[in-house]
Amino acid sequence: MTEQTFSRELASELATANRILVHHGVLDAFGHVSVRDALNSDHFLLARNMAPGLVTVDDIMAYDLDGNWLDASGRPSYLERFIHASIYKMYPSAKAVVHSHSPSIIPFGVTEVVFKPASHMASFLGAGAPIFEIRETGGPATDMLITDNKLGAALARTLADCPVTLMRGHGNTVVGDSLPEAVFRAVYTEVNARIVAQALVIGQGRVNFLNTAEAERITAANKTQIGRAWAVWKRDVEESR
Amino acid sequence: MTEQTFSRELASELATANRILVHHGVLDAFGHVSVRDALNSDHFLLARNMAPGLVTVDDIMAYDLDGNWLDASGRPSYLERFIHASIYKMYPSAKAVVHSHSPSIIPFGVTEVVFKPASHMASFLGAGAPIFEIRETGGPATDMLITDNKLGAALARTLADCPVTLMRGHGNTVVGDSLPEAVFRAVYTEVNARIVAQALVIGQGRVNFLNTAEAERITAANKTQIGRAWAVWKRDVEESR
Amino acid sequence: MTEQTFSRELASELATANRILVHHGVLDAFGHVSVRDALNSDHFLLARNMAPGLVTVDDIMAYDLDGNWLDASGRPSYLERFIHASIYKMYPSAKAVVHSHSPSIIPFGVTEVVFKPASHMASFLGAGAPIFEIRETGGPATDMLITDNKLGAALARTLADCPVTLMRGHGNTVVGDSLPEAVFRAVYTEVNARIVAQALVIGQGRVNFLNTAEAERITAANKTQIGRAWAVWKRDVEESR
Amino acid sequence: MTEQTFSRELASELATANRILVHHGVLDAFGHVSVRDALNSDHFLLARNMAPGLVTVDDIMAYDLDGNWLDASGRPSYLERFIHASIYKMYPSAKAVVHSHSPSIIPFGVTEVVFKPASHMASFLGAGAPIFEIRETGGPATDMLITDNKLGAALARTLADCPVTLMRGHGNTVVGDSLPEAVFRAVYTEVNARIVAQALVIGQGRVNFLNTAEAERITAANKTQIGRAWAVWKRDVEESR
């Protein structure tokens, strides 16, 4: 059993991320957010099995990239910690991961409509969001959950170069280069889902999405603006405590 | 008149369930939630006739399985207490019942579209949700309410093996193996209704629902996770008092 | 100038009704609610021209049934007080009136779809809700507002035996036999609009509405339950002060 | 570097406008609102680069009509301050500008449906809302942002005589004769978008919009009522602090 050596500051930021995502309706009583350990890139931080709205800094545990917890407390872990482990293992650039059941996004995983950015705030979806079909790896009778590394690796492969994958009948998983970026992307994927759904309906299926060049350029420009969102979202959840 | 012997702790949990369901928009000024008495399985607990958002532990009364109240106070009862009585009488396994006018669900009771789980959180809807048509038992000119045991029994029979029945032009009734499970199911039936409606619209009627095996397996897996939701929902309503 | 003789208690209830309707999103910064004076049926009470969310008991003024204010203070009146005056004049049974821009209802005034009760809570809409077209009385170039008794009388006639009229491109007006009933109806007309819109969309235009007998019977039954809603709604706005 | 000479009172009103627009969901962590300096019509006031929900009077800076800041503090500016500068330069009557990503409006910028007033509160949209297509000025590979005066001037020209322009894949910009009017218009453009979307869907594309004469007359009448909205909206954000 490895001693936990992660910084309390990073764990605190992760607790804040939990509350921000609840505040924005991305997480409800379920779903989870993790961050790669800044002191050891072979570890990631994730809360123990609990509702994200209740997570505090003391609930954060470290895991290795196979999803094993590095903690002697015996506290239960999320069944789907393998989502996080597999992504950090496959993509060294991945620094934070949000897995949620963000409600407006689910319809796009159970239909065959295009999910691209109708708003520049969701430009990171420029290449679309691939749908993960668990039946391809787990067969037709799974419990829908990513409960081992084989399913986790299949999910991670589906992401390929995209920061978001839609999980059919389940939810979505979002990757970021930093914790604020993953949170930002999770929030604006939900916002984009509402906008695209409305546009599809009023436009009878025809929506003028951002083109690839536009999406790439604004994604780069937005990188410098994510801190603006993080600042106010952090204040909002601190006030509501 | 039987003396009330139920535990104050269970009555307190039931008061909490009332507030949770209001907080999630499942109950508004109307609807009600009950729990089978843990000390006497021929009784169930239900608030006196009042808005669920105002219910406290002192408003809880006991009823027998014919819908008679076991209380000398003379406080008025819900007109539709027969919903609860009939279900507890017909299904010994039923431990808690929620009757609500949860708004997103009503459209599925007045149309002929399929209502199945598009999200694994609503997997308990795997066999669909049968529609209760009061005209079949009460004729074409009822007041829509379940105001006697004959109508209650007809509603209970409609449930059959399903935990949820849609009541045409009225609302829905949800059954659980425990109070937290009934609350969980009531909340996620509403969430699923929003998701399915959106999916139907953007998918032009074609939605990739969970299959039967998936629904059954995740329902079993979720049984262990309901406490996670109850914990945070209880905290939320205690904070908002 | 007649001295104001209305009871402070009724004025206080009217101030509460203002806040309840704001709390439920029926009124925003605009719209108004009135009540017939219990001491003089030729008078009605209405706030001075101000946002309903700010109304207190001291802002209530009396008006006669021509829309003249009975108050020497010189405080400005709502431009559309004639909505209230004309309805009280034409219908002696009318005891309270809500005029709002309740947002989900407006689409039903600018389209030709049926607006009937899909939920028993809106059973008072059993005969539908007639659309008031101001062009028929005011011509094609009005300012859309009911700013005199001629337009008010035309609006009142449109109501006929219905408690709700939809005002094309503007909002709606709701009548009740009491202040709580008018508030109840205003709230559930908005709720019904959301439900019917969703049902129309998923049901591709086919919705199983309550029939006339059902609507009439449940309307009578609900009369006894309105106090339940009023109690919790009043508590909600008192807590949020 | 010009010394800042604007009134602290106007800066305070602008901080209030920021919070009102956040409270109504028009601004989120992004977007901005400005006001022309009452003391020098060649200047306008705008917050430094920050989330609008955090803006206080001390965050307000002055800019000239080319978008240069008149402030020695070195605090960063919004990338898109040229939206404001260009509009104030082209339209001497423009006194306040809101640029937002108000979510219900975006679908109307990425589809070809008509966006006109279905509600008299949005009558200022009587001539429609022209869509600004950045590709016409900036080519097919911009970052979508109005980051210089050339793009700003193109956006301003698109407005022509309309107070609102929809920015494809981005958001919208609203102009008012006063700060309260710009805020009022921003709020009711969002409300109208929700109403028109719903009406289009239930009405299968046919919506009975206000005609031109109606829109013009009610716009004039509403001018006198904007203060009513400002009063309650200001109170709401002061209470929520």
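As written, the chains take the letters A, B, C and D, and residue 1 is the first residue of each chain.
Convention: a residue touches a chain if its C-beta (ideal position, glycine included) is under 8 Å from a C-beta of that chain, and two chains touch if they have at least 3 such contacts.
The structure presented is a predicted model; accordingly, all values stated were derived computationally and were not measured.
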Classification of the chain C:chain D interface as same or different, half of numbers criterion: different
Centroid comparison with chain A (C-alpha atoms), farthest chain: C
Inter-chain centre distance, chain B versus chain D - centres from mean C-alpha coordinates, in Å: 45
Where chain B and chain C are represented by their mean Cα positions, the distance between them in whole Å: 32
Residues of chain D touching at least two other chains: 201
Arrangement of touching chains [line / ring / star / complete / other]: ring
In the complex with chain C, residue positions of chain B that touch it: 28-30, 49-51, 53-54, 79, 101, 103-104, 106-108, 110-113, 140-145, 168-171, 197, 200-201, 205
Footprint of chain D on chain A - complex, ascending: 117-121, 123, 191, 194-195, 198-199, 201-203, 206-211, 213-214, 217-218, 220-221, 225, 228-229, 231-233, 235-236
